[in-house]
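These notes open a run of structures that come right after.
Below, chain A partners chain B and then partners chain C, in two separate complexes.
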Partner chain A sequence: MPGLARGGLAGDTARWRHYTLAPAVAVYLALTALPIANLLVMSVHDIRWEQGVAQWAFAGAKHFAELPRDQLFRDGLANTALFAVCAVSAELVLGFLLALFTSRVVRGRLFYRTAFLLPILIPGIVIGAIWKLAYNPDFGVINQLLGLAGLPGKDWLGEKTLAFASIVVVDIWHWTPFVFLLLLAGLESLPQDVYEAAKIDGASAWQELRYVTAPMMIPTIAVTAVFRLIVSFKVFDEVYLLTGGGPGTATEVVSFTIYRRFFTEDRIGYGSAISVVVLFLLTLVIVLALAALRRRRDAA
Partner chain B sequence: MVGSRTASLGMHAVLVLAALVVIFPIVWIALAALKTQIALLRGDVFFTPVWTNFNELLFSRSSDYLADFLNSLIVASVSTALVLAIATPAAYSLHRLGWPRWVPAAVLLWSLVFHMLPPITMVGPWYVMFRSLGLDNTYTGLAAAHLALNLPIGIWLMSVFVREIPLELEEAARVDGCTTPQMLWRIVVPLVAPGLAATAVICFVFSWNEFAVALNVTARQTATVPVAIARFAQEYEIKHGVMAAGAVLSAIPAVLLLLAAQRHIVKGLTAGAIR
Partner chain C sequence: MAPGTIRPRARRWTGVGVAAVALALASGAAAAQKVAPINVVINQSPWFGGFSKVVEAYEKETGNKVNLDVNPFAGSAEKQRSSVRAREGQVDLLVMNSTWLAEFYHGGFLVPLNDIDPGFKLDPQVINYDDTAYWDPKTKTNNSRTGVVYGVPINGNIAVLYYRADLYEQAGLKAPTTWEELLANARKLHNPPNVYGIVVRGARSASDISYDWMPYLHSHNGAIFKDEKNGDFTVTLNSPEGKKALDVYLELAKTAGPPNPGSYGQAQVIQALVTGKAAHATPVIAAWSQMDDATKSAVVGKMNVVVLPHGPGGQPAPTLGHFIGAIPKNIPRERQVAALAFLKWFQTYDAQLKYAQAGQPPIRKDVYAADFGKKPEFRWMKAMVDSAPYPRMMYTVPEGAQIVAVLELRLNQAVIGERTSTDALNTAAAEIYEIMRKAGYKTGRLPDLK
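Right after this comes the complex of A and B.
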């Protein structure tokens, strides 16, 4: 009876459709949605631990009212935005150049790609440790090299502007390889016939880059830029190890402010309020960016 | 063709320079791990390598590095296994079991958004939740947090790989009376095996490297390797050599995976971004 067998199979599919998706939905509900709901509730409470039990006292909008006056939070937010723009622009330029060159050379591609993968795979905290040694004013390798060239060494993490730039450099070292990888994948997936046509028309290398490669790569570059800009708000490990936000608030980033308020100072309610604001702002940016990218793609 | 030859040399020069910039700091910290404190502080370029830093790291009473290494292995393995076990059926369900279109759209959107948000914003509520359940400072707590952090990547990547399975194959299996679990286990899993490997490598490395969450939901007994390294760097008198040794050993899994599964890693890192 084929009809019956089909009905049985359809029923089987309908049931298994739910069984197979349920664990993922359960994890999302229990470990992402519920904690975000908790975060909202926590942000309007004062919370203390007494003998391992949380004591909640309603605090209204007090924490949110305090936010605009919190210098650390304001500096953290401003620094993170500046940090994201500086680091990501440099990563895009360098990553694109390296990807372009790697896609053009005949030999050594595997070597370059392998070498450039390293920083993505190394723990962020180890990258912090690497640069902590390199930046050390007394025995760091950077000052040693400067010494060899007869130049005076600097206290790379000790002065405000310099410390910020030093953190940006670490991020560039860490994430240019990732940008490189995405852009290289993009370059390698471009249609080859357009290049052959350009060659037949006698286009120079520059013309080919300007009128063939660049226009076709713009969507990939845009996606990479948006992704990196938002994700760079995650920066934490390197700052934790290298500067702890200092000197002053020169390298304070918003992740570090949350950590400091919530865990170091044990202000659970206020730390939650900062988290809520950051989550809200970033989600807004992500949704707007996705909508803009989708519009572009639909228009193209 | 003289022009293109110079161009090629120039490109190689830039690429080699970039590779040096990447490799040199790593080699430098590996060398620092083999220096005595004095050689390190003097900045000696030529020195007699010693194992004292590694000895102190691994065998001194004040260091928990070996235990922390084991903690990292446990948490990374368990959370990765869970991600694969949950993400694979979920991805198959979303794309091949006839959900209305908004269901996969919503799950994938939430996966993407959650992946892009800073983990530190979630550590607070996780900490409060785990502590209320008595799960703070346990493997369960940290592995659960890493599962939550990596499941979005898992679902996203497995979706890419599941969609590559030819529909005809599934239809043929259905005609032969294959049930959904059989289909998953006998058809889907073998076909997405390379995708599973890529996802596993990525999730393992992310979990192994993760610091912000591990720092706050673990204590001494369950601390992971990144937390241990940070501790060396935070001590009043920084033990640079021991910190360097800890950093070198912690990079071993990543380097081994890089050598063994480079192709998978590239696939895993780029598959989600380019369609």
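Right after this comes the complex of A and C.
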């Protein structure tokens, strides 16, 4: 029967789709779902080692209940949120300005593009060394320049009030090129006929930016912002290499807290609990951001 | 066959036979010494340069191969931890700092050295670093009487007082024996920003300020716990002795130190010494090799070291920051044998002489007594001999890393002015008490300091 034949064919196609998806699903399970499941299991256990063998003891929600009393976790979370907002905001503004500048340059565009991208090509460990030397209060280049201008030097990483800002500056220097790259791609893909129409209507450069470029760039800016927020929430290497979270907890960030609790102190269960909470918060940020984007798209 | 032709041939065959036997014997002897290559995980400490020179000598002398996997301090502990917890470890020789020894002993990851070679024993000349090469699994203590040998000391690192001998001579000062004398001398030499009276290791890290302050605590007759060796883990950190110890430390840091003493880790302290910016500091002896190195130091021939000062009624108490070389259970027998071959060689007089000549603290008493120690460039050795009766372990429980994390934060907060000494000690004591209570130790705590 034709109907049955069609149904059979449709069934075969559906099954075939499942079969072809299976390897990807297996890889996903092995690389993503299983480690997260393992993290969840560890977060509700105390794990100790005796005679070379791991001893697991169920701890329920004990580790999660401990989190609000943990000063490193509290300060780390607050600093991370502040860090993400400050760094990403500055990177978006600078990245957008650089992209705008580069998109309007006719000669030497390749040179500018390459020059602006350089910081992102440098490995994290080298960035740590560069900035540790630059910030050195005794012989760092920043204090030397201040000295030439007749200004007193600062202990950029040693003073509580300056250390956090100094870390943010390093992140801006490191990640603005990435933002620049995405926004430049966005700018270059904007339809040119809209600009031609604006020109015919006699729009000034500012009006063109305000009423043409900016609105059309919002989806790209939003996606870039979400991506950078996620990555900046995971900041670790700058803090590890430059301040170790100090002075006090001035530059403590949550990834560094996880590292300390999990690895340095060997508190696998508790470290996993912090990781689970951070994972949840990050997922929440992504879901809210995507929902906002979808609402905006629907409204448009 | 003519007789004349037989005899030379016979001699030739006899010669070949003798050569073959000799070759067989020689190769047999070589085979007895030849062992499998070993992997050693080690940290990039100030003493690493000296250790790597000794390893080169071992490879040259024996033909055996040693692969050194060099890591940052905390990374070294993590790598060793991962290896001993695997089904089969990658690391054959664990170079363990005193701060993570307890975790590895309590975790049961190590093999007694007599299980590899029943005839092995520590050379009597090897210094006993608070029994830390021995472990008694029944009582879970480092005890040379009841335990068995699990390791060989690799580095006898302890803190000593570094001071600018040239500035002392100009100012007519003598080396301090108490913290109060050190404070007076440091204030006298304090001439910022050119020279700071003292640079303390006040940063917060895996182990900076807690290691730096511990000699102050112990030499004021204070301690983290009431009687750790006998199982009484009542927290006594916030005792009046503890407060005196922290107050003198803060006074030194704030009245004779750089503007932000809370940001100086070990590397920055050593840098302040070699650039001539610190008149005093108390880093480990392993940093000495940089002081007289003209390629790194602006104070060649100007530094000296003495045993650490002490508090009123106390005695010097340098904290052990030494390293023990031990062999994990979870590696094949041939690699255990190879790792032990290295340790046997390492504890010999000749090897330790090379180690000392490379500027690193040897682990043998007789090397400290050697003639070359009288040369000016080995003037650091007297401080080590003088310190020998006093070293103390920071802690002996596997929760040590958590305790250190608490101390690092609270002491650093006191140094940067976020907390008073009383508040810092009370808070740290309460947190350490919680750690010990949760881990099931017999514990308690003193009432809060007022």
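Quick notes on this one:
One rule holds in what follows: the second predicted complex is superposed on the first by the 273 of 300 C-alpha atoms of A that agree within 3 Å, B and C clash if a C-alpha of one lies under 4 Å from a C-alpha of the other, contacts with A are read in each partner's own complex, and residues count from 1 in each chain.
Methods note: a contact is a pair of C-beta atoms (placed from the backbone, for glycine too) under 8 Å apart; a residue touches a chain by one contact, two chains touch by 3 or more.
Remember, it's a predicted structure, so these values are computed and weren't measured experimentally.
Contacts of A:A203 after superposition on the shared chain: neither chain B nor chain C is touched. Of the two partner chains placed around the shared chain by superposition, chain B is the only one that A:L97 touches, whereas chain C remains out of contact.
Of the two partners chain B and chain C, more chain A residues are in touch with B. When the two structures are aligned on the shared chain, A:L31 is found in touch with chain B, with no touch to chain C. Of the two partner chains, chain B and chain C are each touched by A:D138. Once the two complexes are overlaid on the shared chain, A:G52 sits against chain B and chain C alike.
Once the two complexes are overlaid on the shared chain, A:E265 sits against chain C while remaining clear of chain B.
Touch criterion not met for A:A225: it reaches neither chain B nor chain C.
After overlaying the two complexes on the shared chain, residue contacts for A:V105 are found with chain B alone; chain C is out of touch. Put simply, chain A uses residues 49, 52-54, 138, 263 to touch chain B in one complex and chain C in the other. Only residues 74, 77-78, 81, 84-85, 103, 106-109, 203-206, 259-260, 262-265, 275, 277, 329-330, 401-402, 405, 409, 412-413, 416, 418 of chain C touch chain A when the two sit together in their complex. Those residues of chain A lying in contact with chain B across their complex are 5, 9, 12-13, 16-17, 19-21, 23-25, 27-28, 31-32, 34-36, 38-39, 42, 47, 49, 52-54, 94, 97-98, 101-102, 104-106, 108, 110-126, 128-134, 136, 138-139, 141, 144, 173, 177-178, 181-182, 185-186, 189, 205, 220, 223-224, 227, 230-231, 233-234, 236-237, 240-241, 254-255, 258-259, 262-263, 268, 271-272, 275, 278-279, 282-283, 286-287, 290. On the chain A side of its complex with chain C, the touching residues are 49-54, 71-72, 137-138, 155, 157-160, 163, 243-249, 260, 263-267. Residue ranges on chain B touching chain A, taken from their complex, read 7-8, 11-12, 14-15, 18-19, 21-23, 25-26, 28-29, 32, 40-43, 85-87, 89-90, 92-94, 97-99, 103, 107, 109-110, 112-114, 116-129, 131-132, 144-145, 147-148, 151, 155, 174, 177, 179-181, 184, 205, 208-209, 211-212, 215-216, 225-226, 229-230, 233, 240, 243-244, 246-247, 250-251, 254-255, 257-258, 262, 265-266, 269-270, 273-274.
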